[in-house]
(Lines give C-alpha, C1' and ligand atoms only; values in the text may rest on other atoms or scores of the structure.)
Protein backbone atom coordinates (compact mmCIF):
# COMPACT_ATOMS: atom_id res chain seq x y z
CA UNK A 1 0.00 0.00 0.00
CA UNK A 2 2.86 2.27 0.90
CA UNK A 3 4.45 1.41 -2.43
CA UNK A 4 1.24 2.11 -4.33
CA UNK A 5 1.08 5.53 -2.72
CA UNK A 6 4.68 6.28 -3.69
CA UNK A 7 3.94 5.19 -7.25
CA UNK A 8 0.88 7.43 -7.32
CA UNK A 9 2.93 10.40 -6.11
CA UNK A 10 5.62 9.72 -8.69
CA UNK A 11 3.07 9.56 -11.53
CA UNK A 12 1.36 12.71 -10.22
CA UNK A 13 4.61 14.69 -10.28
CA UNK A 14 5.69 13.18 -13.61
CA UNK A 15 2.38 14.12 -15.22
CA UNK A 16 2.47 17.61 -13.77
CA UNK A 17 6.02 18.01 -15.05
CA UNK A 18 5.06 16.93 -18.58
CA UNK A 19 2.09 19.30 -18.61
CA UNK A 20 4.27 22.18 -17.37
CA UNK A 21 6.93 21.42 -20.01
CA UNK A 22 4.29 21.63 -22.73
CA UNK A 23 3.19 25.01 -21.36
CA UNK A 24 6.68 26.41 -20.97
CA UNK A 25 7.71 25.22 -24.45
CA UNK A 26 4.66 26.80 -26.09
CA UNK A 27 5.21 30.04 -24.15
CA UNK A 28 8.88 30.14 -25.16
CA UNK A 29 7.96 29.63 -28.81
CA UNK A 30 5.62 32.63 -28.56
CA UNK A 31 8.49 34.75 -27.13
CA UNK A 32 6.89 35.33 -23.75
CA UNK A 33 9.19 36.64 -21.04
CA UNK A 34 10.38 34.67 -17.99
CA UNK A 35 7.27 35.53 -16.00
CA UNK A 36 5.04 34.54 -18.89
CA UNK A 37 6.80 31.19 -19.30
CA UNK A 38 6.45 30.41 -15.58
CA UNK A 39 2.80 31.53 -15.60
CA UNK A 40 1.84 29.39 -18.59
CA UNK A 41 3.74 26.38 -17.19
CA UNK A 42 1.81 26.70 -13.94
CA UNK A 43 -1.53 27.23 -15.70
CA UNK A 44 -1.14 24.08 -17.81
CA UNK A 45 -0.04 22.03 -14.80
CA UNK A 46 -2.70 23.24 -12.37
CA UNK A 47 -5.43 25.06 -14.36
CA UNK A 48 -7.59 21.99 -14.90
CA UNK A 49 -7.49 20.94 -11.27
CA UNK A 50 -8.20 24.47 -10.05
CA UNK A 51 -11.28 24.71 -12.29
CA UNK A 52 -12.50 21.34 -10.99
CA UNK A 53 -11.97 22.39 -7.37
CA UNK A 54 -13.92 25.63 -7.88
CA UNK A 55 -16.82 23.62 -9.32
CA UNK A 56 -16.95 21.02 -6.53
CA UNK A 57 -16.38 23.55 -3.74
CA UNK A 58 -12.90 22.39 -2.72
CA UNK A 59 -11.71 25.79 -1.50
CA UNK A 60 -8.91 26.76 -1.76
CA UNK A 61 -8.04 24.68 -4.84
CA UNK A 62 -5.33 22.07 -4.30
CA UNK A 63 -3.35 23.50 -7.21
CA UNK A 64 -2.85 26.69 -5.22
CA UNK A 65 -2.07 25.12 -1.84
CA UNK A 66 0.32 22.30 -2.73
CA UNK A 67 3.91 23.46 -2.85
CA UNK A 68 5.24 20.65 -5.04
CA UNK A 69 2.90 21.42 -7.94
CA UNK A 70 4.27 24.97 -8.00
CA UNK A 71 7.83 23.69 -7.54
CA UNK A 72 7.42 21.15 -10.36
CA UNK A 73 6.01 23.80 -12.71
CA UNK A 74 8.82 26.24 -11.88
CA UNK A 75 11.42 23.50 -12.44
CA UNK A 76 9.92 22.75 -15.83
CA UNK A 77 9.91 26.47 -16.70
CA UNK A 78 13.51 26.90 -15.55
CA UNK A 79 14.64 23.89 -17.59
CA UNK A 80 12.85 25.19 -20.67
CA UNK A 81 14.56 28.56 -20.32
CA UNK A 82 18.01 27.35 -19.30
CA UNK A 83 18.40 23.95 -20.94
CA UNK A 84 16.18 24.11 -23.98
CA UNK A 85 18.24 21.58 -25.93
CA UNK A 86 17.85 19.08 -23.08
CA UNK A 87 14.10 19.67 -23.05
CA UNK A 88 13.93 19.12 -26.79
CA UNK A 89 15.81 15.84 -26.48
CA UNK A 90 13.31 14.80 -23.78
CA UNK A 91 10.58 14.68 -26.43
CA UNK A 92 9.89 10.95 -26.06
CA UNK A 93 9.61 10.76 -22.26
CA UNK A 94 7.59 13.98 -22.22
CA UNK A 95 5.02 12.47 -24.61
CA UNK A 96 4.86 9.40 -22.38
CA UNK A 97 4.52 11.41 -19.16
CA UNK A 98 1.96 13.62 -20.85
CA UNK A 99 -0.22 10.60 -21.58
CA UNK A 100 0.30 9.48 -17.98
CA UNK A 101 -0.76 12.93 -16.73
CA UNK A 102 -3.82 12.88 -18.97
CA UNK A 103 -4.92 9.49 -17.68
CA UNK A 104 -4.12 10.14 -14.05
CA UNK A 105 -5.83 13.54 -13.94
CA UNK A 106 -8.96 12.25 -15.70
CA UNK A 107 -9.28 9.41 -13.17
CA UNK A 108 -8.40 11.38 -10.03
CA UNK A 109 -10.58 14.30 -11.17
CA UNK A 110 -13.60 12.04 -11.50
CA UNK A 111 -12.82 10.30 -8.20
CA UNK A 112 -12.50 13.61 -6.35
CA UNK A 113 -15.86 14.85 -7.68
CA UNK A 114 -17.50 11.59 -6.51
CA UNK A 115 -15.74 11.83 -3.15
CA UNK A 116 -17.29 15.28 -2.67
CA UNK A 117 -20.70 13.68 -3.08
CA UNK A 118 -21.55 14.90 -6.57
CA UNK A 119 -23.32 12.83 -9.22
CA UNK A 120 -21.86 10.87 -12.12
CA UNK A 121 -22.45 13.59 -14.72
CA UNK A 122 -20.46 16.09 -12.67
CA UNK A 123 -17.70 13.51 -12.18
CA UNK A 124 -17.34 12.73 -15.88
CA UNK A 125 -17.43 16.40 -16.95
CA UNK A 126 -14.93 17.42 -14.28
CA UNK A 127 -12.69 14.42 -14.93
CA UNK A 128 -12.30 15.65 -18.51
CA UNK A 129 -11.89 19.23 -17.25
CA UNK A 130 -9.10 18.20 -14.87
CA UNK A 131 -7.27 16.40 -17.66
CA UNK A 132 -7.59 18.92 -20.47
CA UNK A 133 -8.54 22.23 -18.76
CA UNK A 134 -4.94 23.37 -18.33
CA UNK A 135 -4.17 22.81 -22.01
CA UNK A 136 -7.30 24.72 -23.03
CA UNK A 137 -6.33 27.67 -20.82
CA UNK A 138 -2.81 27.62 -22.28
CA UNK A 139 -4.16 27.89 -25.80
CA UNK A 140 -6.64 30.62 -24.84
CA UNK A 141 -3.83 32.64 -23.25
CA UNK A 142 -1.56 32.07 -26.25
CA UNK A 143 -4.38 33.26 -28.49
CA UNK A 144 -5.16 30.17 -30.53
CA UNK A 145 -8.01 27.68 -30.83
CA UNK A 146 -7.41 24.92 -28.24
CA UNK A 147 -5.66 22.00 -29.96
CA UNK A 148 -7.68 19.43 -28.07
CA UNK A 149 -10.88 20.73 -29.67
CA UNK A 150 -9.41 20.06 -33.09
CA UNK A 151 -7.96 16.60 -32.46
CA UNK A 152 -10.24 13.83 -31.34
CA UNK A 153 -8.33 11.29 -29.34
CA UNK A 154 -6.82 13.35 -26.53
CA UNK A 155 -9.90 14.55 -24.67
CA UNK A 156 -11.87 11.50 -25.79
CA UNK A 157 -9.39 9.24 -24.00
CA UNK A 158 -9.94 11.30 -20.84
CA UNK A 159 -13.69 10.93 -21.35
CA UNK A 160 -13.41 7.13 -21.55
CA UNK A 161 -11.23 7.02 -18.44
CA UNK A 162 -13.61 9.21 -16.43
CA UNK A 163 -16.67 7.30 -17.68
CA UNK A 164 -15.07 4.01 -16.59
CA UNK A 165 -14.42 5.36 -13.10
CA UNK A 166 -17.98 6.63 -12.72
CA UNK A 167 -19.54 3.44 -14.08
CA UNK A 168 -17.32 1.36 -11.82
CA UNK A 169 -18.31 3.39 -8.79
CA UNK A 170 -22.02 3.06 -9.47
CA UNK A 171 -21.96 -0.63 -10.36
CA UNK A 172 -19.43 -1.51 -7.64
CA UNK A 173 -17.60 -3.99 -9.86
CA UNK A 174 -14.56 -4.06 -7.59
CA UNK A 175 -12.70 -1.95 -4.98
CA UNK A 176 -12.32 1.71 -5.93
CA UNK A 177 -8.53 1.50 -6.15
CA UNK A 178 -8.79 -1.18 -8.81
CA UNK A 179 -11.35 0.81 -10.75
CA UNK A 180 -8.98 3.77 -10.76
CA UNK A 181 -6.06 1.67 -11.95
CA UNK A 182 -8.05 0.08 -14.77
CA UNK A 183 -9.60 3.43 -15.78
CA UNK A 184 -6.12 4.93 -15.89
CA UNK A 185 -4.72 2.09 -17.97
CA UNK A 186 -7.67 2.27 -20.38
CA UNK A 187 -7.19 5.98 -20.98
CA UNK A 188 -3.42 5.60 -21.25
CA UNK A 189 -3.66 2.71 -23.72
CA UNK A 190 -6.16 4.58 -25.87
CA UNK A 191 -3.93 7.64 -25.96
CA UNK A 192 -0.79 5.65 -26.77
CA UNK A 193 -2.59 3.69 -29.51
CA UNK A 194 -3.82 6.98 -30.97
CA UNK A 195 -0.28 8.31 -30.94
CA UNK A 196 1.14 5.13 -32.47
CA UNK A 197 -1.37 5.12 -35.33
CA UNK A 198 -0.51 8.74 -36.06
CA UNK A 199 3.15 7.76 -36.14
CA UNK A 200 2.17 5.99 -39.34
CA UNK A 201 1.54 9.38 -40.87
CA UNK A 202 5.05 10.71 -41.45
CA UNK A 203 5.72 14.43 -41.44
CA UNK A 204 2.72 15.63 -39.51
CA UNK A 205 3.43 13.39 -36.56
CA UNK A 206 6.19 15.51 -35.00
CA UNK A 207 3.97 18.57 -34.82
CA UNK A 208 0.72 16.90 -34.08
CA UNK A 209 1.63 14.33 -31.51
CA UNK A 210 3.92 16.52 -29.43
CA UNK A 211 3.13 17.29 -25.84
CA UNK A 212 0.53 19.95 -26.59
CA UNK A 213 -2.59 19.14 -24.73
CA UNK B 1 -49.59 26.48 -12.14
CA UNK B 2 -48.70 23.03 -13.42
CA UNK B 3 -49.07 24.35 -16.96
CA UNK B 4 -46.89 27.39 -16.23
CA UNK B 5 -44.21 25.04 -14.99
CA UNK B 6 -44.41 22.91 -18.12
CA UNK B 7 -44.19 26.05 -20.26
CA UNK B 8 -41.15 27.18 -18.28
CA UNK B 9 -39.46 23.81 -18.79
CA UNK B 10 -40.21 23.88 -22.50
CA UNK B 11 -38.77 27.39 -22.90
CA UNK B 12 -35.72 26.40 -20.83
CA UNK B 13 -34.95 23.43 -23.07
CA UNK B 14 -35.76 25.38 -26.26
CA UNK B 15 -33.41 28.20 -25.24
CA UNK B 16 -30.66 25.77 -24.27
CA UNK B 17 -31.08 24.01 -27.59
CA UNK B 18 -30.80 27.25 -29.57
CA UNK B 19 -27.69 28.27 -27.64
CA UNK B 20 -26.12 24.85 -28.23
CA UNK B 21 -26.94 24.97 -31.95
CA UNK B 22 -25.16 28.33 -32.21
CA UNK B 23 -22.11 26.83 -30.50
CA UNK B 24 -22.07 23.64 -32.57
CA UNK B 25 -22.52 25.58 -35.82
CA UNK B 26 -19.68 27.97 -35.03
CA UNK B 27 -17.43 25.05 -34.00
CA UNK B 28 -18.25 23.16 -37.19
CA UNK B 29 -17.43 26.21 -39.30
CA UNK B 30 -14.01 26.35 -37.58
CA UNK B 31 -13.42 22.68 -38.45
CA UNK B 32 -13.28 21.43 -34.90
CA UNK B 33 -13.58 17.68 -34.43
CA UNK B 34 -16.57 15.87 -32.93
CA UNK B 35 -15.34 16.36 -29.39
CA UNK B 36 -14.74 20.06 -30.04
CA UNK B 37 -18.23 20.53 -31.46
CA UNK B 38 -19.83 18.81 -28.45
CA UNK B 39 -17.65 20.80 -26.05
CA UNK B 40 -18.46 24.18 -27.60
CA UNK B 41 -22.19 23.32 -27.79
CA UNK B 42 -22.16 22.48 -24.08
CA UNK B 43 -20.13 25.57 -23.17
CA UNK B 44 -22.54 27.94 -24.95
CA UNK B 45 -25.56 26.22 -23.42
CA UNK B 46 -24.27 26.00 -19.85
CA UNK B 47 -21.22 28.30 -19.52
CA UNK B 48 -23.16 31.38 -18.43
CA UNK B 49 -25.12 29.52 -15.78
CA UNK B 50 -22.03 27.75 -14.46
CA UNK B 51 -20.21 31.08 -14.07
CA UNK B 52 -23.24 32.52 -12.23
CA UNK B 53 -23.43 29.52 -9.92
CA UNK B 54 -19.74 29.77 -9.05
CA UNK B 55 -20.23 33.45 -8.14
CA UNK B 56 -23.30 32.93 -5.94
CA UNK B 57 -21.97 29.79 -4.28
CA UNK B 58 -24.41 27.30 -5.84
CA UNK B 59 -22.04 24.33 -5.77
CA UNK B 60 -22.00 22.21 -7.86
CA UNK B 61 -23.30 24.38 -10.71
CA UNK B 62 -26.70 23.32 -12.08
CA UNK B 63 -25.25 23.20 -15.59
CA UNK B 64 -23.04 20.28 -14.49
CA UNK B 65 -25.65 18.35 -12.49
CA UNK B 66 -28.72 18.50 -14.71
CA UNK B 67 -28.81 15.69 -17.24
CA UNK B 68 -31.19 17.32 -19.70
CA UNK B 69 -28.93 20.32 -20.29
CA UNK B 70 -26.15 17.94 -21.29
CA UNK B 71 -28.57 15.81 -23.32
CA UNK B 72 -29.97 18.89 -25.10
CA UNK B 73 -26.49 20.16 -25.93
CA UNK B 74 -25.40 16.73 -27.23
CA UNK B 75 -28.57 16.47 -29.35
CA UNK B 76 -27.84 19.87 -30.86
CA UNK B 77 -24.23 18.86 -31.55
CA UNK B 78 -25.30 15.55 -33.11
CA UNK B 79 -27.84 17.30 -35.35
CA UNK B 80 -25.24 19.85 -36.45
CA UNK B 81 -22.83 17.06 -37.38
CA UNK B 82 -25.33 14.64 -38.92
CA UNK B 83 -28.07 16.83 -40.35
CA UNK B 84 -26.37 20.12 -41.12
CA UNK B 85 -28.81 20.98 -43.92
CA UNK B 86 -31.72 20.56 -41.51
CA UNK B 87 -29.99 22.80 -38.97
CA UNK B 88 -29.43 25.43 -41.62
CA UNK B 89 -33.09 25.37 -42.61
CA UNK B 90 -33.98 25.84 -38.92
CA UNK B 91 -32.47 29.34 -39.03
CA UNK B 92 -35.74 31.15 -38.26
CA UNK B 93 -36.88 29.09 -35.23
CA UNK B 94 -33.32 29.07 -33.90
CA UNK B 95 -33.20 32.88 -33.93
CA UNK B 96 -36.54 32.91 -32.12
CA UNK B 97 -35.50 30.32 -29.53
CA UNK B 98 -32.20 32.13 -29.09
CA UNK B 99 -34.06 35.32 -28.15
CA UNK B 100 -36.21 33.23 -25.79
CA UNK B 101 -33.08 31.73 -24.22
CA UNK B 102 -31.52 35.16 -23.83
CA UNK B 103 -34.60 36.55 -22.08
CA UNK B 104 -35.25 33.50 -19.94
CA UNK B 105 -31.65 33.14 -18.76
CA UNK B 106 -31.34 36.86 -17.95
CA UNK B 107 -34.48 36.73 -15.83
CA UNK B 108 -33.85 33.40 -14.11
CA UNK B 109 -30.18 34.32 -13.53
CA UNK B 110 -31.18 37.51 -11.72
CA UNK B 111 -33.91 35.69 -9.76
CA UNK B 112 -31.50 32.95 -8.65
CA UNK B 113 -28.93 35.49 -7.41
CA UNK B 114 -31.66 37.26 -5.40
CA UNK B 115 -32.95 33.93 -4.08
CA UNK B 116 -29.44 33.21 -2.76
CA UNK B 117 -29.69 36.44 -0.75
CA UNK B 118 -27.37 38.61 -2.80
CA UNK B 119 -27.95 42.29 -3.55
CA UNK B 120 -29.40 43.93 -6.65
CA UNK B 121 -26.04 44.75 -8.23
CA UNK B 122 -24.97 41.10 -8.07
CA UNK B 123 -28.34 40.04 -9.51
CA UNK B 124 -28.14 42.40 -12.50
CA UNK B 125 -24.50 41.56 -13.28
CA UNK B 126 -25.11 37.82 -12.99
CA UNK B 127 -28.39 38.00 -14.93
CA UNK B 128 -26.41 39.40 -17.86
CA UNK B 129 -23.64 36.84 -17.26
CA UNK B 130 -26.11 33.94 -17.35
CA UNK B 131 -27.58 35.19 -20.62
CA UNK B 132 -24.42 36.06 -22.53
CA UNK B 133 -21.59 34.26 -20.68
CA UNK B 134 -21.83 31.10 -22.78
CA UNK B 135 -21.57 33.06 -26.01
CA UNK B 136 -18.55 34.98 -24.72
CA UNK B 137 -16.79 31.73 -23.75
CA UNK B 138 -17.58 30.29 -27.20
CA UNK B 139 -15.92 33.23 -28.93
CA UNK B 140 -12.92 33.14 -26.59
CA UNK B 141 -12.42 29.43 -27.32
CA UNK B 142 -12.85 29.99 -31.06
CA UNK B 143 -10.25 32.75 -30.85
CA UNK B 144 -12.25 35.83 -31.78
CA UNK B 145 -13.52 38.98 -30.07
CA UNK B 146 -16.93 38.16 -28.52
CA UNK B 147 -19.67 39.26 -30.93
CA UNK B 148 -21.86 40.54 -28.15
CA UNK B 149 -19.23 43.12 -27.20
CA UNK B 150 -19.36 44.52 -30.71
CA UNK B 151 -23.15 44.60 -31.17
CA UNK B 152 -25.20 46.61 -28.76
CA UNK B 153 -28.68 45.20 -28.50
CA UNK B 154 -28.07 41.61 -27.47
CA UNK B 155 -26.52 42.02 -24.03
CA UNK B 156 -28.35 45.31 -23.50
CA UNK B 157 -31.68 43.51 -23.79
CA UNK B 158 -30.48 41.08 -21.11
CA UNK B 159 -29.48 44.06 -18.98
CA UNK B 160 -32.95 45.59 -19.25
CA UNK B 161 -34.61 42.28 -18.39
CA UNK B 162 -32.39 41.72 -15.35
CA UNK B 163 -32.80 45.33 -14.19
CA UNK B 164 -36.58 44.98 -14.41
CA UNK B 165 -36.52 41.85 -12.26
CA UNK B 166 -34.35 43.47 -9.61
CA UNK B 167 -36.37 46.70 -9.53
CA UNK B 168 -39.57 44.70 -9.31
CA UNK B 169 -38.23 42.64 -6.43
CA UNK B 170 -37.16 45.69 -4.45
CA UNK B 171 -40.28 47.74 -5.10
CA UNK B 172 -42.64 44.77 -4.75
CA UNK B 173 -44.88 45.95 -7.58
CA UNK B 174 -46.52 42.56 -7.93
CA UNK B 175 -45.93 38.83 -7.28
CA UNK B 176 -42.48 37.60 -8.29
CA UNK B 177 -43.84 35.29 -10.98
CA UNK B 178 -45.43 38.21 -12.77
CA UNK B 179 -42.29 40.28 -12.51
CA UNK B 180 -40.36 37.44 -14.15
CA UNK B 181 -42.88 37.11 -16.96
CA UNK B 182 -42.92 40.84 -17.70
CA UNK B 183 -39.11 41.07 -17.48
CA UNK B 184 -38.84 38.16 -19.89
CA UNK B 185 -41.31 39.70 -22.34
CA UNK B 186 -39.55 43.09 -22.16
CA UNK B 187 -36.16 41.55 -22.96
CA UNK B 188 -37.64 39.36 -25.69
CA UNK B 189 -39.53 42.25 -27.32
CA UNK B 190 -36.43 44.45 -27.27
CA UNK B 191 -34.36 41.73 -28.89
CA UNK B 192 -36.94 40.96 -31.56
CA UNK B 193 -37.40 44.66 -32.36
CA UNK B 194 -33.62 45.02 -32.65
CA UNK B 195 -33.55 42.07 -35.03
CA UNK B 196 -36.46 43.41 -37.09
CA UNK B 197 -34.87 46.85 -37.50
CA UNK B 198 -31.64 45.20 -38.64
CA UNK B 199 -33.65 43.27 -41.21
CA UNK B 200 -34.00 46.65 -42.87
CA UNK B 201 -30.26 46.59 -43.49
CA UNK B 202 -29.94 44.11 -46.35
CA UNK B 203 -26.76 42.10 -46.83
CA UNK B 204 -25.29 42.41 -43.38
CA UNK B 205 -28.39 41.04 -41.68
CA UNK B 206 -27.80 37.36 -42.44
CA UNK B 207 -24.39 37.38 -40.81
CA UNK B 208 -25.05 39.82 -38.05
CA UNK B 209 -28.43 38.73 -36.75
CA UNK B 210 -27.81 35.01 -36.80
CA UNK B 211 -27.87 32.95 -33.65
CA UNK B 212 -24.42 33.88 -32.51
CA UNK B 213 -24.62 35.13 -28.96
CA UNK C 1 -6.29 55.88 11.60
CA UNK C 2 -9.36 57.53 10.15
CA UNK C 3 -7.07 59.38 7.76
CA UNK C 4 -5.23 56.20 6.76
CA UNK C 5 -8.55 54.61 5.94
CA UNK C 6 -9.58 57.58 3.78
CA UNK C 7 -6.24 57.43 1.99
CA UNK C 8 -6.71 53.71 1.41
CA UNK C 9 -10.17 54.30 -0.06
CA UNK C 10 -8.86 57.06 -2.31
CA UNK C 11 -6.05 54.85 -3.63
CA UNK C 12 -8.48 51.97 -4.10
CA UNK C 13 -10.82 54.07 -6.25
CA UNK C 14 -7.92 55.74 -8.11
CA UNK C 15 -6.39 52.36 -8.96
CA UNK C 16 -9.74 50.95 -10.03
CA UNK C 17 -10.30 54.01 -12.20
CA UNK C 18 -6.91 53.65 -13.91
CA UNK C 19 -7.52 49.94 -14.57
CA UNK C 20 -10.96 50.70 -15.99
CA UNK C 21 -9.55 53.47 -18.21
CA UNK C 22 -7.01 51.02 -19.64
CA UNK C 23 -9.84 48.58 -20.40
CA UNK C 24 -12.17 51.16 -21.91
CA UNK C 25 -9.38 52.63 -24.06
CA UNK C 26 -8.35 49.23 -25.41
CA UNK C 27 -12.00 48.33 -26.10
CA UNK C 28 -12.58 51.64 -27.90
CA UNK C 29 -9.50 51.07 -30.06
CA UNK C 30 -10.94 47.67 -31.06
CA UNK C 31 -14.23 49.37 -32.08
CA UNK C 32 -16.38 47.64 -29.48
CA UNK C 33 -19.81 49.15 -28.89
CA UNK C 34 -20.90 51.00 -25.74
CA UNK C 35 -21.82 47.79 -23.94
CA UNK C 36 -18.48 46.22 -24.89
CA UNK C 37 -16.54 49.24 -23.61
CA UNK C 38 -18.41 49.19 -20.27
CA UNK C 39 -17.96 45.41 -19.99
CA UNK C 40 -14.21 45.48 -20.64
CA UNK C 41 -13.74 48.45 -18.28
CA UNK C 42 -15.53 46.52 -15.53
CA UNK C 43 -13.62 43.30 -16.25
CA UNK C 44 -10.21 44.99 -16.00
CA UNK C 45 -11.22 46.82 -12.82
CA UNK C 46 -12.80 43.86 -11.03
CA UNK C 47 -11.80 40.66 -12.84
CA UNK C 48 -8.67 39.99 -10.79
CA UNK C 49 -10.45 40.48 -7.47
CA UNK C 50 -13.41 38.34 -8.53
CA UNK C 51 -11.08 35.47 -9.51
CA UNK C 52 -9.31 35.76 -6.15
CA UNK C 53 -12.60 35.75 -4.24
CA UNK C 54 -13.80 32.63 -6.08
CA UNK C 55 -10.55 30.86 -5.12
CA UNK C 56 -10.64 31.80 -1.43
CA UNK C 57 -14.37 31.22 -1.03
CA UNK C 58 -15.40 34.86 -0.53
CA UNK C 59 -18.88 34.49 -2.02
CA UNK C 60 -20.24 36.62 -3.57
CA UNK C 61 -17.07 38.33 -4.85
CA UNK C 62 -16.57 41.89 -3.58
CA UNK C 63 -16.20 43.12 -7.15
CA UNK C 64 -19.84 42.18 -7.77
CA UNK C 65 -21.32 43.52 -4.51
CA UNK C 66 -19.59 46.88 -4.11
CA UNK C 67 -21.44 49.68 -5.89
CA UNK C 68 -18.50 52.08 -6.15
CA UNK C 69 -16.35 49.67 -8.15
CA UNK C 70 -19.11 49.41 -10.73
CA UNK C 71 -19.70 53.18 -10.58
CA UNK C 72 -15.98 53.90 -11.02
CA UNK C 73 -15.73 51.54 -13.99
CA UNK C 74 -18.82 53.04 -15.63
CA UNK C 75 -17.46 56.57 -15.09
CA UNK C 76 -14.20 55.57 -16.74
CA UNK C 77 -16.10 54.00 -19.65
CA UNK C 78 -18.33 57.07 -20.05
CA UNK C 79 -15.30 59.40 -20.03
CA UNK C 80 -13.53 57.24 -22.62
CA UNK C 81 -16.58 57.39 -24.88
CA UNK C 82 -17.57 61.03 -24.33
CA UNK C 83 -14.30 62.82 -23.60
CA UNK C 84 -11.66 60.75 -25.33
CA UNK C 85 -9.33 63.74 -25.82
CA UNK C 86 -9.44 64.39 -22.06
CA UNK C 87 -8.66 60.74 -21.37
CA UNK C 88 -5.72 60.86 -23.77
CA UNK C 89 -4.33 63.94 -22.05
CA UNK C 90 -4.63 62.08 -18.73
CA UNK C 91 -1.93 59.66 -19.87
CA UNK C 92 0.55 60.61 -17.15
CA UNK C 93 -1.75 60.40 -14.09
CA UNK C 94 -3.28 57.22 -15.47
CA UNK C 95 0.13 55.54 -15.64
CA UNK C 96 0.75 56.68 -12.06
CA UNK C 97 -2.64 55.48 -10.79
CA UNK C 98 -2.19 52.25 -12.70
CA UNK C 99 1.05 51.56 -10.80
CA UNK C 100 -0.79 52.44 -7.59
CA UNK C 101 -3.58 50.03 -8.47
CA UNK C 102 -1.09 47.29 -9.29
CA UNK C 103 0.69 47.69 -5.94
CA UNK C 104 -2.45 48.11 -3.87
CA UNK C 105 -4.26 45.13 -5.40
CA UNK C 106 -1.20 42.85 -5.06
CA UNK C 107 -0.89 43.72 -1.37
CA UNK C 108 -4.59 43.65 -0.46
CA UNK C 109 -5.08 40.47 -2.51
CA UNK C 110 -2.37 38.68 -0.54
CA UNK C 111 -3.67 40.08 2.77
CA UNK C 112 -7.22 38.96 2.03
CA UNK C 113 -6.09 35.41 1.20
CA UNK C 114 -4.17 35.27 4.50
CA UNK C 115 -7.14 36.73 6.37
CA UNK C 116 -9.27 33.86 5.04
CA UNK C 117 -6.81 31.45 6.66
CA UNK C 118 -5.02 30.22 3.55
CA UNK C 119 -1.31 29.52 3.32
CA UNK C 120 1.50 31.69 1.97
CA UNK C 121 1.60 30.08 -1.46
CA UNK C 122 -2.10 30.79 -2.00
CA UNK C 123 -1.58 34.37 -0.81
CA UNK C 124 1.30 35.07 -3.20
CA UNK C 125 -0.41 33.46 -6.20
CA UNK C 126 -3.69 35.25 -5.53
CA UNK C 127 -1.95 38.56 -4.79
CA UNK C 128 -0.52 38.45 -8.32
CA UNK C 129 -3.88 37.29 -9.68
CA UNK C 130 -5.69 40.22 -8.06
CA UNK C 131 -3.19 42.68 -9.51
CA UNK C 132 -2.90 41.36 -13.07
CA UNK C 133 -5.95 39.10 -13.55
CA UNK C 134 -8.17 41.87 -14.91
CA UNK C 135 -5.59 42.84 -17.50
CA UNK C 136 -5.18 39.23 -18.58
CA UNK C 137 -8.96 38.83 -19.01
CA UNK C 138 -9.07 42.08 -21.02
CA UNK C 139 -6.46 40.77 -23.44
CA UNK C 140 -8.13 37.37 -23.72
CA UNK C 141 -11.47 39.05 -24.54
CA UNK C 142 -9.79 41.38 -27.04
CA UNK C 143 -8.19 38.35 -28.65
CA UNK C 144 -4.50 38.95 -28.07
CA UNK C 145 -1.71 37.42 -26.00
CA UNK C 146 -1.79 39.11 -22.55
CA UNK C 147 0.75 41.94 -22.53
CA UNK C 148 1.86 41.18 -19.00
CA UNK C 149 3.10 37.76 -20.09
CA UNK C 150 5.36 39.40 -22.64
CA UNK C 151 6.80 42.16 -20.45
CA UNK C 152 8.60 41.21 -17.31
CA UNK C 153 8.38 43.99 -14.78
CA UNK C 154 4.63 44.49 -14.38
CA UNK C 155 3.57 41.18 -12.86
CA UNK C 156 7.00 40.69 -11.30
CA UNK C 157 6.52 43.86 -9.26
CA UNK C 158 3.20 42.46 -8.03
CA UNK C 159 5.00 39.20 -7.16
CA UNK C 160 7.58 41.06 -5.05
CA UNK C 161 4.87 43.04 -3.26
CA UNK C 162 2.82 39.95 -2.47
CA UNK C 163 5.92 37.98 -1.40
CA UNK C 164 6.88 40.80 0.98
CA UNK C 165 3.44 40.78 2.57
CA UNK C 166 3.48 37.01 3.07
CA UNK C 167 7.04 36.96 4.42
CA UNK C 168 6.19 39.82 6.77
CA UNK C 169 3.12 38.03 8.04
CA UNK C 170 4.99 34.81 8.76
CA UNK C 171 8.03 36.43 10.34
CA UNK C 172 5.99 39.06 12.20
CA UNK C 173 8.56 41.80 11.58
CA UNK C 174 6.09 44.53 12.47
CA UNK C 175 2.34 45.30 12.61
CA UNK C 176 0.40 44.12 9.56
CA UNK C 177 -0.52 47.65 8.49
CA UNK C 178 3.14 48.58 8.20
CA UNK C 179 3.93 45.44 6.25
CA UNK C 180 1.18 46.34 3.78
CA UNK C 181 2.45 49.90 3.40
CA UNK C 182 6.04 48.80 2.81
CA UNK C 183 4.97 46.01 0.43
CA UNK C 184 2.91 48.52 -1.50
CA UNK C 185 5.77 51.03 -1.70
CA UNK C 186 8.22 48.31 -2.80
CA UNK C 187 5.97 47.18 -5.62
CA UNK C 188 5.19 50.76 -6.64
CA UNK C 189 8.86 51.81 -6.65
CA UNK C 190 9.85 48.77 -8.71
CA UNK C 191 7.13 49.50 -11.25
CA UNK C 192 8.01 53.21 -11.50
CA UNK C 193 11.74 52.43 -11.85
CA UNK C 194 10.93 49.95 -14.60
CA UNK C 195 8.87 52.59 -16.37
CA UNK C 196 11.57 55.24 -15.98
CA UNK C 197 14.28 52.98 -17.41
CA UNK C 198 12.08 52.22 -20.38
CA UNK C 199 11.68 55.94 -20.93
CA UNK C 200 15.31 55.79 -21.98
CA UNK C 201 14.22 53.77 -24.99
CA UNK C 202 12.62 56.39 -27.19
CA UNK C 203 9.84 55.43 -29.59
CA UNK C 204 8.76 52.15 -28.07
CA UNK C 205 8.15 53.67 -24.65
CA UNK C 206 4.80 55.32 -25.44
CA UNK C 207 3.27 52.08 -26.62
CA UNK C 208 4.92 49.75 -24.22
CA UNK C 209 4.70 51.59 -20.95
CA UNK C 210 1.11 52.79 -21.29
CA UNK C 211 -1.55 51.73 -18.84
CA UNK C 212 -2.05 48.31 -20.28
CA UNK C 213 -1.78 45.77 -17.58
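Of note:
Per-chain numbering from 1; labels A, B and C assigned in written order.
Quick note on the criterion: a contact is a pair of C-beta atoms (placed from the backbone, for glycine too) under 8 Å apart; a residue touches a chain by one contact, two chains touch by 3 or more.
Owing to the predicted nature of the structure, the values given are computational and were not obtained by experimental measurement.
To overlay chain B on chain C by their CA atoms, one rotates by 120 degrees, a value rounded to a multiple of 5.
Under half of the residue numbers found at the chain A and chain C interface occur in both copies, marking it as a different-residue contact. A separation of 31 Å divides the Cα centre of chain A from that of chain C. Of all residues in chain C, those that touch two or more other chains are 54, 140, 143. If you check the complex, the residues on chain C that touch chain B are 27, 30-36, 39-40, 50, 54, 59-61, 64-67, 70, 140-143.
Within the complex formed with chain A, the residues of chain C that make contact are 54-57, 113, 118-119, 121-122, 125-126, 136, 140, 143-146, 148-152, 155-156, 159.
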